[in-house]
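In what follows, subunit A forms one complex with subunit B and a second complex with subunit C.
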Partner chain A sequence: MSKKYILGVFNDEATLVDAFEKIKAKGILPTEVYTPYPIHEILEGMGKKTRITHAAFFYGLFAAVGILSFLTYAAVIDWPLHYGGKPFNAFPSFIVVTIVATILSITLLTLFTFSARAKIFPGKKADIFHERATDDKFVIVLDPEKLGDNAKAVEEIIREHGEVE
Partner chain B sequence: MEERVVLSKKFKLLTYVLIGIGVLSFALGFVFDAKRTWANYLLNNYYFVSLAVGAAFFGAIQYITQSGWSAMFKRVPEALASYFPYAAGFFVLMYFGMHSIYEWTHDEVVQHDHLLQFKSPYLNIPFFFIRVVVFFALWIVMSRLLRKLSLQEDEHGGMEYFKKSERYSKIFIFIIAFSFSLFGVDILMSLEPHWYSTLFAGKSFIAGLLHASSIMALIVILLSKQGYYKQLNGSHLHDFTRYIFMASIVWGYFNFAEFMLIWYGNIPEETVWFVKRWEGTYKILFFVNIILNWAVPFLVLMPRKSSRSKMIILPVVLLLIIGQYTELYYIIWPATVHEAKFGLLEIGTFLGYAGLFAWVVGTALTKASLVPKNHPYLQESIHHHF
Partner chain C sequence: MYNSKVRGKLIEGDKSLGQISQEILAPIHRKKPPLWWYAALLVSLSMFGFGLYAKYVTISTGIGTWGVNNSIAWGWAIINFVWWIGIGHAGTAFSIFLLILRQKWRTAINRAAEAMTVVAVFCASLFPLLHMGRPWLFFWIFPYPNTRGPLWVNFNSPLFWDFVAISAYLLISASFWYFGMVPDFATIRDTAKSKVKKAVYGFFSFGWTGSSKEWLRFEGLSFVLGGIAAVLVVSVHSIVSTDFAVSVKPGWHTTIFPPYFVVGAIFSGFAMVLTLVITMRGLYKMNDFITDSHVDAVCRILIFISLIMGTAYVTEVFMAWYSANDYEFSLFFKTRLFGEYAFQFWAMFIANAVIPQLFWFKAVRRRMWVVFVISIIINIGMWFERFNIVVTSLSRDYLPSAWASYSPTWVEIAFFTGTIGMFITGVLLFFRYIPMIAISELKSVAKFDKPNNGQLKSTGHE
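Right, the complex of A and B next:
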């Protein structure tokens, strides 16, 4: 990591949220916030909405249609076989396979999508901004280039309750 | 926080008119077509008691899970559960129509039927009514107990009442699960005593929860339109629709599993139930049932935005109200009336019951502060947000 960031480190939720709101009031959006657990104000304040649910829905739709058509093709069109007097198009029995395989497809495809978007892959070295961000500290990461003239003011806001590194 | 519902004169008048329509329909029905009227009587009795049971179950779950979001709305399930005594009266009066509805009550049929003889220690009129009375007694006692604790909590405050309610709720869910499963088998499945399905009880149970949660969402939305529940926000609505969503998936799963296994097993004793319901109008109802009770809530309530919007929840709830009717019609009519008749009699009797139910629930809502006063999770409920 060659780039330099300003870190604000806090001990509890209330002071973090307080500083976060004040920084936002100055018109600055932090690059990233690390917390031990999700906090509503931060989630909304960062303004990042996930679109992965939509992706998952369309994967599911695609998988369900695909698997149903494959089963129909295999059992009805390409190789019709008699099973205990059932019609070739044994639709109700296809549904079970479709449900199970659809769940598997959604899980795997969403996992791959998420990994690609978050730039995670097996064996990747983790970017750790602050050693205790994975422990019990609340960390705000700010890009000094975006701060401009406000750098001093932001440092003061953070210093009220936390520490700057 | 004292906030009491005041029933408007219009509302009261409307319920009286509806009850009047119901009484008139029943009176005319018994004169002209007694058998079909008894089927209507059974359907409506079951329809509304399933809502009350589902709501009582919902209320008990909220105590056990110590849910914060629902604390504000707990008077609604309590009000729905106050319908039990009326339902009990109606079910006991069904004594006079037993022969029109249940095949196993005819002695001459049982004498020539080995299976019915085998089942007669369980399926006979005295034991049937003993069960009905015991179930209703349990439901009334338990729901009254929880209601009493909830009102005492309003007066005195403190954690003691909540803890007691939680303990009783733990007993109550077992009672409901066990008794309502048997109840569904007694009332609906024994219409065709030669057929049996082990999933039937689970399906009717989850249908009760599904439609009770949709009715509760409806009542809350209607009250908020009247100016009550000012703190109602999207997160509360989202939680109500989660219950609808969840129950509709479970119902869809049960419904499909029951059908698919019977279809695949292809045993005549089991398939006969569906063969009857695979002809004419019933075949349409088979699909309408799945669309209304599963497909519509599942697809419409899936996006986050639509599950928080009153404008979308209301039509879904109205479709679910029709959905429960469709399902019961689909179960009851082929077994009792043997023809897919639907006319003014069905509409009139349903309206009558709906009016009575609305009157009972509305009156129960006026009897206590709409928002409970000293519930430990009240503040969490008011500021509920996710």
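Right, the complex of A and C next:
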């Protein structure tokens, strides 16, 4: 990375959230925040929303309709066969496969969506700002160009509980 | 969030976050595993090899090498299949149900439970595969355009439902497990000293950095997967039970089967989880993460499930009498309770409905070796339950001319031994190469052991 960033490094969740909120109060949104586990204040504070649950719903809807239509097509239209006197369109017994295969489709499609959107895939090289952000440090990354006149004030906020790197 | 003081601490010893990763990752970061690990691997691999030989005999000679016959066409293979699938239920049950119930103590155990699930379901899937007789034609069960005659498979058949359910369950539980591990793999990548480990875990960590964007979508993903996998916990074993319940056989053709199977599956799965976590405590000194109160909580759940199991057994017997159906009555009273298979019935009843009631006593729940022994007894009992269901009903059909007895041959025993070997091998590899406790999840609950929940200001929610 050629660009220079300011890193605020904290030891626990509480001090991170405190500093994060104070920086936000100054009207500055950090470029990114790195934490060892999800912290809801940060996820909400960063202002991003995920639509992955909506995507999953539509995957499920299309999968369910698609699978049920396939079963009906195969068993009723394409090659009808009598099984133990049951009607060709044995609707209730199609439901079992529809449910399970829908769940499978939702899972796989949502995983691929996640992989594509979060850019998480096998063998990707990680852009690591701070070695210990996956271990025990909580890191706020700030773009110095966006700080402007607030640079000093922000540094003070970070120094209250953390360190600047 | 509700915080009760009843459960005791989630993590003992007031650890820092760094300490948590260090202690959980210690078995992975050390250069060589301990000697017992190699010894255990040798034993489990030789069991696995024995199983492979049995598979070779089965495939090269045929199903005739098994003890199954025309009447009892489902022998050990299906018993073991249902047994393994049952064990494989714990992973999802643990992660999902306890997630929905907001039980924070699940964080220390769910990784191990899910690992167990994946290996157990894999073991299970081998049995129907080889029971097909011509396993190299297994792909005939896929509904795809072909030139064989009846073009499509029979969508009304529970055996097809079962195939869909098991393959879906294997794929879903494996991906659920894997994505839960991605952040932990990143932790290994960033704390490992050796270059090889850095590269390998770097590859498997998918470039995870822990940024808020990643966590946001990760949370969304867990929400979706958790929500829909909850349906699976109930559906998979219900479908397995329809393999039996949809047929018209005395003792099988009952509506109690789906709930009875699901509860039984969770029962054996939780028992196997206990076996596994007590092993982890013993061998890897994970006592601070899997505390006495964790084990205690699982034991309490087992008491409850054991009561349901006992009720189910008694209900079946009662209905056999109350229905006034001659075939049901004769099956239950002349074959199961008293008769050729009485030993298997009473072994099942005592091991599943009676012995786990010892968990009412605190003295029992506190003694790890007693808990360990009972967890093994439950798993043996659950195996006998499947024996009871599969063999007794088939051995006493409607026509006395179709009555038969069954005992396994060495090939079936070797096959089963092989899957146990495979399971133990899988667990050993899991101990060595995968963080056996979900580190990031555990860290997220660590603050609840601190005063004020680790907040700067008191939140007023105490």
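The criterion applied here is as follows: the second predicted complex is superposed on the first by the 165 of 165 C-alpha atoms of A that agree within 3 Å, B and C clash if a C-alpha of one lies under 4 Å from a C-alpha of the other, contacts with A are read in each partner's own complex, and residues count from 1 in each chain.
What we mean here is this: a contact is a pair of C-beta atoms (placed from the backbone, for glycine too) under 8 Å apart; a residue touches a chain by one contact, two chains touch by 3 or more.
This is a predicted model, so every value here is computed, not measured.
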Touched partner set for A:T50, first subunit B, second subunit C, both or neither: second
Touched partner set for A:F121, first subunit B, second subunit C, both or neither: second
Subunit B versus subunit C as contact partner of A:Y34, first or second or both or neither: second
Subunit B versus subunit C as contact partner of A:L108, first or second or both or neither: second
Which of subunit B and subunit C A:G85 touches, first, second, both or neither: first
Subunit C versus subunit B, contacts on subunit A by residue: C
Footprint overlap on subunit A, where subunit B in one structure and subunit C in the other make contact: 53, 84, 86, 93, 96
Partner subunit A, residues of subunit C touching it in the complex: 16-18, 20-21, 143, 150-152, 154-157, 160-161, 164-165, 167-168, 171-172, 175-176, 179, 182-183, 186-187, 189-191, 202-221, 223-225, 228-229, 231-232, 235-236, 239, 242, 440-441, 443-444, 447, 454-456
Subunit A contact footprint on subunit B (complex, rising order): 256, 259-260, 263-264, 266, 302, 304, 385-386
Residues of subunit A that touch subunit B when the two form their complex: 40, 53, 57, 84-86, 92-93, 95-96
Residues of subunit A that touch subunit C when the two form their complex: 12-15, 18, 32-39, 42-43, 46, 48-50, 52-53, 56, 60, 70-71, 74-75, 78-79, 81, 83-84, 86, 90, 93-94, 96-97, 99-101, 103-104, 106-108, 110-111, 114-115, 117-129, 131-136
